[in-house]
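By written order: A, B, C, D and E. Residues from 1 in each chain.
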Amino acid sequence: MNMLTEAATEKALERKMSEINYKMVGKDVSVYYGDKRALFDVNLGVRNNTVTALIGPSGCGKSTFLRCLNRMNDTIANAKVTGKITLDGQDIHDPDIDVVELRARVGMVFQKPNPFPKSIYENVAYGPRIHGLARGKSDLDQIVESSLQKAGLWAEVKDRLHEAGTGLSGGQQQRLCIARAVAVSPEVILMDEPCSALDPIATAKVEELIHELRTNYSIVIVTHSMQQAARVSQRTAMFHLGHLVEEDDTDKMFTNPNDQRTQDYIMGRFG
Amino acid sequence: MNMLTEAATEKALERKMSEINYKMVGKDVSVYYGDKRALFDVNLGVRNNTVTALIGPSGCGKSTFLRCLNRMNDTIANAKVTGKITLDGQDIHDPDIDVVELRARVGMVFQKPNPFPKSIYENVAYGPRIHGLARGKSDLDQIVESSLQKAGLWAEVKDRLHEAGTGLSGGQQQRLCIARAVAVSPEVILMDEPCSALDPIATAKVEELIHELRTNYSIVIVTHSMQQAARVSQRTAMFHLGHLVEEDDTDKMFTNPNDQRTQDYIMGRFG
Amino acid sequence: GAAAARDQIQIAGSSTVLPYASIVAEAFGENFDHPTPVVESGGSGAGRKKLCEGVGENTIDIANSSSRISQSDIDTCKANGVNEIQEVRIGYDGIVFASDINGPEYKFTPADWHAALASKVVKDGQLVDNPNKNWSDIRSDLPDQPILAFIPGTKHGTREVFDEKVILTGCEENGTMEALKAANNGDEDAAEDACMDLRTDGVSVDIDGDYTETLSRIDANKNGIGVFGLSFYQNNTDKLRVATMGGVEPSVETIASGEYPVSRPLYFYVKNAHLDVIPGLQEYVEFFVSDDMAGPNGPLAAYGLVSDPELAKTQEAVKNRTPMGPLN
Amino acid sequence: MSVGSIVLVVLVLAVVGYVLGRRRALSTSAATGTRLHSLPGYYGQTVALFVAVPALLVLAAWLFAQPILIENRVRGMIPDSVIPEGGARSLVMADVRNIAGGLDAVLRRDALNEDALVNGNLDFSNVRVRLADVGVALGSDVPREVFDAAVTYRQSAKYGSIGMTVVVLAIALALGAWSLMRIKPKLRARNVSENFIQALLIASSTIAILTTVGIIFSLVFETANFFRMYPASEFFFSTVWNPQFRGGSDLGIIPLLWGTLYVSFVALLVAVPIGLMIAIYLADYAGSRLRSFAKPAIEILAGIPTIVYGLFALITVGPFLRDWIAQPMGLGNSSSSVLTAGLVMGVMIIPFVSSLSDDIINAVPQAMRDGSFALGATQSETIKKVILPAALPGIVGAILLAASRAIGETMIVVLGAGAAARLDLNPFEAMTTITVKIVSQLTGDTEFASPETLVAFALGLTLFVFTLALNVLALYIVRKYREQYE
Amino acid sequence: MTDAIAATQGKAALSGDARTRRRHAAERRFRMMGLLAVALGVLALVGLLFSILSSGLSSFRQTYVTMDIYLDPGILDKAGNRNPEDLAKVTTFGYAPLIKNSLAKAMNDKGFNSQLEAGPAAELVSAEAPAILRRYVLNNPDQIGETVEFNLLASGRIDGYYKGRVTMASAELDRNISPEQLQLADELKEAGILTTRFNWDFLTAPDASDTRPEAAGVGVAILGSAYMMLIVLALSLPIGVAASIYLEEFAPQNWFTDLIEVNIANLAAVPSIVFGILGLAAFINFAGLPQSAPIVGGLVLALMTLPTIIIATRAALKAVPPSIRSAALGVGASKMQAIFHHVVPLAMPGILTGTIIGLAQALGETAPLLLIGMVAFVRDYPAAPPEGFFDPASALPVQVYNWTQRGDPAFVERASGAIIVLLVFLLLMNLIAIILRRRFERRW
């Protein structure tokens, strides 16, 4: 049955691809960690000005897929990625493509907050600096402030910008990493459970940010909260054991999914 | 107003203390990171066979308080803890007290999963080994299996027990750390957002575990999910900007809190 | 590539000759318009090797040597285009035996040393493994003190002199030679080699370092007797008591006269091809063997070099740049 | 222009190139309204690198080649007749170079111009005296031919250096201009300069390989010579090391190898536990005051000249071990022993273990420690079971470095363990090591082309191969037990 | 039930069971062992420093003879024409009588009761003195015939007398000095002719021959060592760090990089003298660089230091958590930027440690210098760099090595003095690295 569904999904996707405005498309993406296969021929597109939510049980390959999109899997020694992934129609594994540029265009917030052991200011300013986004000190200050504000962290840290980013609370670190990613204004933002350590209000701020960003950018977000997926995303993709179970409009997914597994997962019925 | 409420809370607490069966009691606990004060005279008790939930906006001092309870703040160079904390009536800062013993009895799951760079098996077996809890290899195997099972990870990792714990997905690492903490059977378990990276089903597993553990132990859990707090805890404490706003029966807190701030927070109305 | 022109003399070789060479170099620098020569130490063998590496500015001009150059070195020189070398004998190095100043006095003969250190000695007419533990086991009038000798290691030229002039002579004197010859079916070479075979039970300790090491070892083992150069001993007469050999006390005079038997000539070898190229080289060579320096009243003799009775001949040869003939 | 000023000019050009490149990048991007691919600084960097690196490489090559070429040319000008008997052309060339060097000064002092020299009008008489006047000493008078050769030499060198200046600066300017013209917003300047830098990184890592090749080359020929004179089987399998001054030596490596292993083993036995404990204590127990004092202080141990350790071994430790341990226990009465040298050497290499390990232990993330503490582990359990395994690769590296130092040490062994090659288990006996014998055979009185001296090369090469095998083993062990955090 | 638990466990928390006590005992033992190890290390250092200082500090003081010397034209300028060329013909041997005569005169004038002849009395003055006089006279020919005050070194034995090395008792046995000479020295001291004071010359003077320990200094050696260290630092630090970065961060993992890795570790195990053999073959014989020159020494030592720095740097780079790299790459930094902006600064303590240890080793090394001709008697100062890199020079460890081999016991003190200079040199050199390292140290 799996096979059938997948085949169907694939065909559907191919049909759509000609009509729909895709920012990124993954075709037959598989990932191996050493001998272990973690993703199985995933076909999934990221649309322009759309928030795509990835859902699925823990360990199903959501982060793995996310890392494929900006080639962060390159940095894992024993990881191997096959299949084709395009950004604006261009193969991101093409030798011509500059992986640095790719990552500047496709930003990422990691699942585990990983601030640099530098000051809060430097954490956020680093990206704009290396990309030459600021014309001067005040410009940079401006970017840092607005990024922190977007991530809902400004109020808490504005008096301690020059203290270490590693001395923040878990949730604050998470928002710092969001601010850091937003500061370079990427075209696509990959967020791996960006609100996992956040309280409802902070979560609302981030969701607001996502909403705001969507007008210009594409966003992929991994989340375990069905509510959040329903709130922020327009498209939802469901993963299970390394397979893409289905992908559809969020409304459709949460009301009338095609696949039994999706339904079970959303109803909290398996695992 | 703050002051008044606090004074009231304190008195109430003192009155209760004589009647109620407290496992741990914090009295006037304050924490400073360098010059910065992160906790302000918190008075909070942890009852026997009870799950206490700590809630409050990000950065309000939940983790800080949690770390006070098993003196993990000792390991932060510039952190200073004042006030008195007792475990079974004994001051845990007493020079006579053995911090190692304390931590063996008061286990902790950290906010950021931190598996050891060892195999999954060794991660779980580490605690029982140093405490001499297993009589032999098979005994240890038994402990490892049951701990992983309790954390809902066994099915996913039983075939790869001897692969590195650091090669797990974010949610898997989190459950590994729970299994690791449970394996030494502490009397009090402090859990700092143990389900932040978990899908609903895995979350349910962990909540079940918490429920189970409560029959013998005391549990303190930090969570950002009001639903979770309502589901698992009997008592809830609300923190804000380093202050303990109020602490009460969970039912009461979620239906009829004393403090406006609590109400606002629970309703998702400030931050 | 080529380096800039070199204007100082380069000398390498024996550490035994080094003190004398540096005394001369220092005086040369003070009295001539040339820079002070650079005197390397690295051992006679290494010095001769460097000398024979070829001609040219990045090879040395002079090799100091505490033993005579060998035919194989001369051949190497020839092969590398170093055709003419002058052999200059600068004097003699006395080799003395000395022990801690507070210990007993020793009057040795070469035979005593052979009996003390050889691996096989004659005892009651039989050739046996050396049983002697104390000096008094050898001769009753020697002090009753355990035998412990610090002798130069096999890489030192001094060791050769010690082997030949003390051990071998002693071997002949105390009759072990005869016994060994008989044991080797009359083969003289084999007997000689056997004579010079030393015991390996820790009684004779090879010193690979220098005389200061020997002195320190005597400091650490008050029973020890060490082999020193005369000049070193003369600088440390307050710490060392020198032993007589065959009844003669070592001194510049007794060695010059040949009374004291253990000594060896010291040399340096000059690359003639460099004489007109390296400024000051000829002057240095002449200055070295001048009476002012190497004569019996010069600073070298004062420091312990036994001056060569035939110094005048050497001065003449140096002036004429007479290259050395074939080895005899 | 002198080499120094050429280098200086090139560097100045590079700086100018940087500024121009940066400015041009900014202006073209402003003019065309396209975003720059890279930071403007990278555009400057590409220009600077193109200006400096090739030009300086050409300069280096030129400096290497020019004297060889000129020398070959001038060499030919010297007739055999003026080469003194027993001398060599290369020595005459020394005169040529000297004269050439002195001519400038002569011209300057006599206020002459080049023409006189070139046209052969310069007064040849008394060259030696006149050169001496300007401070250039010649060994003897020189014949006319040599003088002419010197003049030619000087001219060629002069034209050569003019040529060099022109070529180098031309390259710098041309490449600078080219890379400047190339700048447009689309140019991937960061990639260009990063590739440049990566090439430099690769070049740096090949130096280690070149060094190895160099070492093998400088040992292998003499080693071959040695084995031509001395049977290899004797060298590798004989248990007797007994070189003779006159030849007929026994040169078995086994007792030396044994001594090397034994002494190094004792030294590591001292240094590894002490060094590791120091590292652990400083990283995890000590306060920052003690740490900031003790770490550099202990590092001084690595900088004290080994002769001090040697004398300490000879005068203090050796007699102490002999009088208080060896003699009472009947284990011998040698004051130099493996134990003496090992102990003292162990002290010397402590900092290799302690300082490097300390840095590595310090780098293990705090989260690892927290994880262990929270399970009720004591600090020592945490260190032993979590920190050390995580820091293993670095610690093994540190220990290897210490072992390497122990193997390479001479002075302490000579003074502490003696010079006698012996195959013995008793640590209170004198023994010696391969390195000691390499030094002593190489610097001795024996003639060079004898097995007694050449054996030094064979010893060196054997030791090289032997330590290589040990290192392969170490790498294998590290790979097997490595634990990567995160 | 809870009360029961509380009661039993309350007790447990205080004292712990037998197992916990054992664990605590182990903990205490471990901690004590650590402290003991640090104490041992520091103690060894203190012991060694004490022995060095106690035998070497005296070399920074020196006994001088201040006396008027009559520059006798009868000796110095027999022709009487003050022609520099003729004046230069008088060698230092000719100047010795001036000192003898002037000293005899001084003794006479001041009415000393020493019965010493002029010859033995003049032995109180260093053999260096005539050279000083000669240099003075050649520079100031017009002073011939005048009486000039000179500040001359006392001979080594006299100097040793005031430092406690030579005693009346040892002088009895010493053939280089007699008790009478010591008595005369005491009289001269009384008269203010002999003075002992700080000895700058030790730091600035070149080496001297065996007959003049009192004149020997470490000036040339300091320059030589400084030149070499300059070269070592300029080459081995950047090359070592660059190589480590390539191998650790860029190189693909394959047999070839394994080979390089093993190879570098193995280079560290190559005895230093073998590097000397390499230096002789590669730099002197092949590249034609001059003998005894700091450039060659520096190159050889740089090659020798390289493995140390590479091994330390690689270990430090390895220890930086991968999450830092991911974080940087995630915001679009290139690998090069991630490494240079984040990883290298975090690895800095290890890099600096490698540098400190590597330089310490390079600074103290003699064996490789033996083969490239730097273990030598060198009296002329090398010129300023860069030309000076090609001039002959000695080095501090070489000076120590040479002086410990000399016969005159006065050199023992000089050798220890040179070791002190070497250690101070080392400390100064490492100071910046030590301070930097402290600033870069951080936990994460």
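Odds and ends about this structure:
Following the convention adopted for this analysis, a contact is a pair of C-beta atoms (placed from the backbone, for glycine too) under 8 Å apart; a residue touches a chain by one contact, two chains touch by 3 or more.
Chain by chain, the UniProt names read as follows: A, B = Phosphate transport system ATP-binding protein; D = Phosphate transport system permease protein; E = Phosphate transport system permease protein PstA.
Keep in mind that this is a model prediction, so the values were computed, not measured.
Shared contact partners of chain C and chain D are E.
Common neighbours of chain C and chain E, listed by label, are D.
Annotation: B-D is the more contact-rich of the chain pairs B-E and B-D, by number of C-beta pairs in contact. The innermost chain, defined by the distance from its C-alpha mean to the mean of all protein C-alpha atoms, is D. Comparing mean CA positions across the assembly, the chain most remote from chain B is C.
Averaging Cα coordinates per chain places chain A and chain B 30 Å apart. Chain A and chain D, compared by their mean Cα positions, are separated by 49 Å.
Centre to centre, using the average C-alpha position, chain B and chain C are separated by 83 Å.
One inter-chain figure worth recording: chain A and chain E are separated by 60 Å, centre to centre, where each centre is the mean of the chain's CA atoms. Across the assembly, chain E contributes residues 23-24, 27, 322-323, 334, 346, 370-371, 404, 444 that each touch 2 or more other chains.
Across the assembly, chain B contributes residues 100-102, 105, 112, 130-131 that each touch 2 or more other chains. Shared interface positions of chain C, defined as residues touching 2 or more other chains, are 1-2, 4, 6, 42, 46, 209.
Those chain pairs judged to touch are A-B, A-D, A-E, B-D, B-E, C-D, C-E, D-E. The residues of chain B lying in touch with chain E in their complex are 21, 48-49, 87-90, 96-98, 100-102, 105, 130-132, 187. Every residue of chain B that touches chain D in the complex is listed here, in rising order: 70, 72, 75, 100-105, 107-108, 110, 112, 114-118, 126-127, 130-131, 164, 166, 177, 180-181, 184, 186.
Taken together, the chain C residues at the contact with chain E in this complex read 1-4, 6, 8, 10, 12, 15, 18-19, 21-23, 25-27, 29-31, 33, 35-36, 38-42, 46, 53, 58, 60, 101, 209-212, 229, 231-232, 234-239, 292, 299, 302-304. On the side of chain E, the complex with chain B involves touching residues 2, 5-6, 9-10, 12-14, 16, 19-20, 23-24, 27.
The touching residues of chain D, counted against chain C in their complex, run 63-64, 67-68, 71, 84-88, 90-91, 93-95, 97-98, 101, 136-140, 242-246, 248-249, 311, 314-315, 318-319, 332-336, 414-415, 418-420, 422, 429-430, 436, 440-450, 452-453.
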